[in-house]
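One chain, chain A, links the two complexes that follow: it is found with chain B in the first and with chain C in the second.
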Partner chain A sequence: MKIPPDLLPEGFRDRLPPQAEVAARVSRAMIDVLTSYGYARVAPAIAEFESALAERSGGAARNQHLRFTDPVSGHTLALRGDITVQVGRIATTRMQESPRPLRLCYHGQVLRLKAKQLRPERELTQLGAELIGNDSVAAACEIVGVAIDALEAAGVKDITIDFTLPDLVERLAEKALPLAPDKIDAVRSELDMKDAGGLSVLGADAYLPLLAATGPFDAAVEKLRAIDAGGALASRIQALESIAATVAGRANVTLDPTERHGFEYQSWFGFTIFAKGYSAALGRGGTYYIDRADGPSEAATGFSLYPDPLIDLAEESNVQRLFLPLGTDAATGAKLRSEGWVTVAALDENDSAAVLGCTHIWINGQAVTV
Partner chain B sequence: MQAAGIEPEPAFFDESSRALLFATNNPAISIIRVRAFDVATFVAHGAAHIGIVGSDVIDEFDYSELYAPVDLGIGRCRISVAMPRDAVDDVQAGHIRVATKYPATTARYYHARGIQAECVKLNGAMELAPSLGLSGRIVDLVSSGKTLAENGLVETAIISHVSARLIVNRAAFKMMSGTIPALVQAFRELSGARAAA
Partner chain C sequence: MKIPPDLLPEGFRDRLPPQAEVAARVSRAMIDVLTSYGYARVAPAIAEFESALAERSGGAARNQHLRFTDPVSGHTLALRGDITVQVGRIATTRMQESPRPLRLCYHGQVLRLKAKQLRPERELTQLGAELIGNDSVAAACEIVGVAIDALEAAGVKDITIDFTLPDLVERLAEKALPLAPDKIDAVRSELDMKDAGGLSVLGADAYLPLLAATGPFDAAVEKLRAIDAGGALASRIQALESIAATVAGRANVTLDPTERHGFEYQSWFGFTIFAKGYSAALGRGGTYYIDRADGPSEAATGFSLYPDPLIDLAEESNVQRLFLPLGTDAATGAKLRSEGWVTVAALDENDSAAVLGCTHIWINGQAVTV
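And now, the complex of A and B:
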């Protein structure tokens, strides 16, 4: 089949004016928040050796890289699908001697091998912050707070944060609510679907109350406390309450202790961010471990946002474009630009302010509305 | 639905009505009617917040954005493999071709058994496929088995048991945490009560 000329591959798109400008503005606003909290920016490479990238990626992401053969090395290269793993690599290799906790942030494009039916894009913007060397409650509080600040800076309102305990089932299955090791996966999968009937069929009735311990945080955490088997969860519940207290009033907090969508590699704490008007999650974060070749793995806390939906729905900023008619001298133009105007200079007498989308014209030393 | 406090407008029950969107007694809830195969898609994309659909459809699409919290216990049937009475079994047949409305479910079933199978996607009248040489087997919904028998087919394996489920969009479940979980709980209690009765 002949490829139609000038069409992009499925899942890729160009951003045109003013959307491209909006994208830069929204991203800048969020990055400024991250840097203001002391997160230093890193810009990892867009491609890496596939084997190294896959080894550091957890779960399904491992096979989701767009790959090609490097004519230089003869090895397979992969285009990055998640910047978090690259930041982990940087932190534990070239920056391994940097003092901990190490605060890093990033922004860039990531690529997917295949689009999901629900999200047809194969090129996504990813933006986030990682706090390396600490996965305490204090670290989680800071990360959740920074994530909310960043979204607010991008103009997002009515934020909902959903807390989860990614390793909950393993922890309970150990002792409190014993499960055969071969059943853990099946139980987690039924908990994922919130399928009460399926759990009963598996003989995991003891896990049923977990399904009810979801919803608005205060009520849900009480239910979780009520089923706290033998105190195995007491410290976790206390930690969740401290984190919830720091975001109180800034976001709705919900709890879903068994949620594990996108939490393949998180350890004790995870959160997902939703906001009114967006049908899918805007981002997620939590605590995790970064493997080190030279020693024990290192704890970390962080979050990633996928701001493309924000950019698509963001208000276009009200730009005032000033038309400079033929013959306007260069110094006048420079002065007006330094005052904050966007100037559009006429190149010949056929150019017109209206056609070029200008809001004002420079006439007799004054900006006149078109 | 009535027991959960949702009363659709009368047109919903009017078979001649061509409307697709119906009001209810609760101004915050309206009902849409779509093809069974599209219910999961509407809910997964967040176009509808909750839906009622067979577990066959949920398994086929395997959307990550769906919760299936309640087994309503109605519309029970099964997805089965059927083939002509004199066909060779899976092990002897070198190459298997299956006509089905459920290509993903079928592929998963054969994949788990290490059998190479090729699916022919049909939208209806699967039962004709073996007799006309389109495929050696079919995978389809079976309730009584009468249609199969009339077309000279025998049910050889059950892939899964099917019943109607209440499904909920994941983002809606979190963001409308004041209303949707309560509604789910109401459905769960009602279907539990019916199962006990």
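And now, the complex of A and C:
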């Protein structure tokens, strides 16, 4: 089959003007925010040894890599599917002697073996910040705040942060609402499906109130507090309230304490970011541990944003393009560009300001509206 | 074999701070220059159907792609090795109705099957501008000027532009210094090797003076002019002089009229960019044709820069990092960041300004030097 010249593989696409310019602008604005909070940029390699990447990725992610045999090394290489994992690798190897907390940020393309139903892209932009060496409430407050700042800088409005407690069931089972170890997974599954009947069948009626402790933060956290857990929840509730307080007035906060999807590797705190007008989540984050081959795992807190939907919906900025007629001298062009103009120079008599999308023409030393 | 956790495949590497920040700064500065000349950003997909990419790449490049079988489509996909080819595809398909000249620019990662001897990287940054629909002297002047501006914005000094005339032998053979068609390739090879003896053996003594017409532009172009080519060279020499004149005072210009390496697809004009302190070329460009499946090929002029060496050698900028002690309120931090400070907030009593690389501490409402 002859492939049409403009056809790209499923999940891949070109960005044309002005969308490609918007993409650059949005990413810059967000990265500038992360940098302003002291997060230093890292740029990990786009491919790694598949075995090493899979081992660090773990779980479902390990089979989600685009793989190829490298004719040079003879090894199987994988294209990265997540930059967070790479930042963890860098933090615990080449930067293991750097002082903690270590603040790192990144921006790049990630690739997926298969598209997800709600996200047809297999090449995605990922951008994020990781605070390595600290998973305290203070770290969580900073990370959530930086994520909101970054989205606001990209022009996102009406942000909602959905909090979760990824290890909630394990913690309750251990400290307050005993469960046989072989039932923990089953209870988690029923909670995932919000299946009250299923919980009862499992003899886990004590976990039923968790299903109701969801929704707008203040009401939901009260329901969580009402669960008699002998104090096992007190510190977690206090932590969530602290984080919610730092966000107050800047984003809506909701709580879904048993939400696990996408938080398989988070420790005590996780969050998902939504915004009005975007059907899918814009990003997520939380606290986690980075496994080290040569020592104890290291605590960290961070977030990842997937800004492609922002870019697709962002508005084009109004660029003023100034047409320079034939014969305009080079120094004039340079001066106008240094003043912030985008200049479009005529190359011959056929070039026309209007056809070339210019808003202005340089006539007699003045920028005249087309 | 167990792969060490910090080992990457040959030709791939991570950029750490501050080099990763330099990379972002250098690329931004260069892209901003291209944009200021009216080049609109495009962001082509990182992977394409291998057969389509190979067909458009042609020649040696077609076998230089990293390839993999896509489990989704069943097709072989290739990671791009050159963005110029992709821009040509976009210009002649989805943007074929856009007015000409069409100015497009790009910035992204390209991947190579094998490293080159002088360039061990297999993941490289490529950044460039293409002026599609025009390959005139005016177009060449603009493109060379934009390339110099971009490099200057990245802090590069002492730039040398080496001009070449990629179709020189064909032109001379056709119009002035007849050669049997089956000897053209042999003559080109001898010229490539600067082998005077080889030219004589081929009975191509008339081409010997080309070997001497190299070096600093003014002297070399005089030697080129002295070749009795019955006027076949006059327009080319005039064109080179026009381009050299626009560059005068901004870059050194040299001439190597028979240089072909890297110019297999250029038409009448090619150039390579060097700068003091960098052993390898920083980029190249020239005039060329974009083949179209559905019509005549289209003339274009452009350049590509490979800024990785710039990034590796660039100096770190002096960033002022301001430590915010515990208890600094959020509004103060926001105000300081809006003033241009990079702030680093203490998360607990153990955090120290000096250890975290801060230059200043916020004390009593003032930024005090550490």
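Operating definition for what follows: the second predicted complex is superposed on the first by the 361 of 370 C-alpha atoms of A that agree within 3 Å, B and C clash if a C-alpha of one lies under 4 Å from a C-alpha of the other, contacts with A are read in each partner's own complex, and residues count from 1 in each chain.
Rule of thumb we're sticking to: a residue touches a chain if its C-beta (ideal position, glycine included) is under 8 Å from a C-beta of that chain, and two chains touch if they have at least 3 such contacts.
Quick caveat: nothing in here was measured; it's all calculated off a predicted structure.
With the two structures aligned on chain A, chain B fits next to chain C without clashing. Applying the stated contact rule after C-alpha superposition, one finds that A:Pro5 touches chain C and leaves chain B untouched.
In the overlay built on the shared chain, the residue A:Pro325 is in contact with neither chain B nor chain C. With both structures placed on the common chain, the touch criterion links A:Pro209 to neither chain B nor chain C.
Measured by the number of chain A residues touched, the leading partner among chain B and chain C is C.
Of the two partner chains, chain C is the only one touched by A:Arg67; chain B is not. After superposition on chain A, the vertex angle at the CA centre of chain A, spanning the CA centres of chain B and chain C, is 120 degrees to the nearest 10. Contacts of A:Ser51 after superposition: chain C is touched, whereas chain B is not reached.
For the three-chain overlay built from the shared chain A, the minimum Cα spacing from chain B to chain C equals 17 Å.
Here chain B touches chain A in the complex through residues 44-46, 63-71, 165, 168-171, 173-175, 177-178, 181, 184-185, 188, going by the rule given at the top. Within the complex, the chain C residues that touch chain A are 3, 5-18, 20-21, 23-24, 28, 31, 35-38, 40-49, 51-52, 56, 66-68, 70-73, 75, 77, 79, 86, 89-90, 92-95, 99, 101, 103-104, 107, 109, 111, 113-115, 122-123, 131, 134, 136, 138-139, 142, 145, 246, 293, 321, 330, 337, 341-345, 347-348, 351, 355-357.
Only residues 116-118, 160, 162, 193-198, 211-212, 214-216, 252, 254, 256, 261, 272, 274, 276, 278-281 of chain A touch chain B when the two sit together in their complex.
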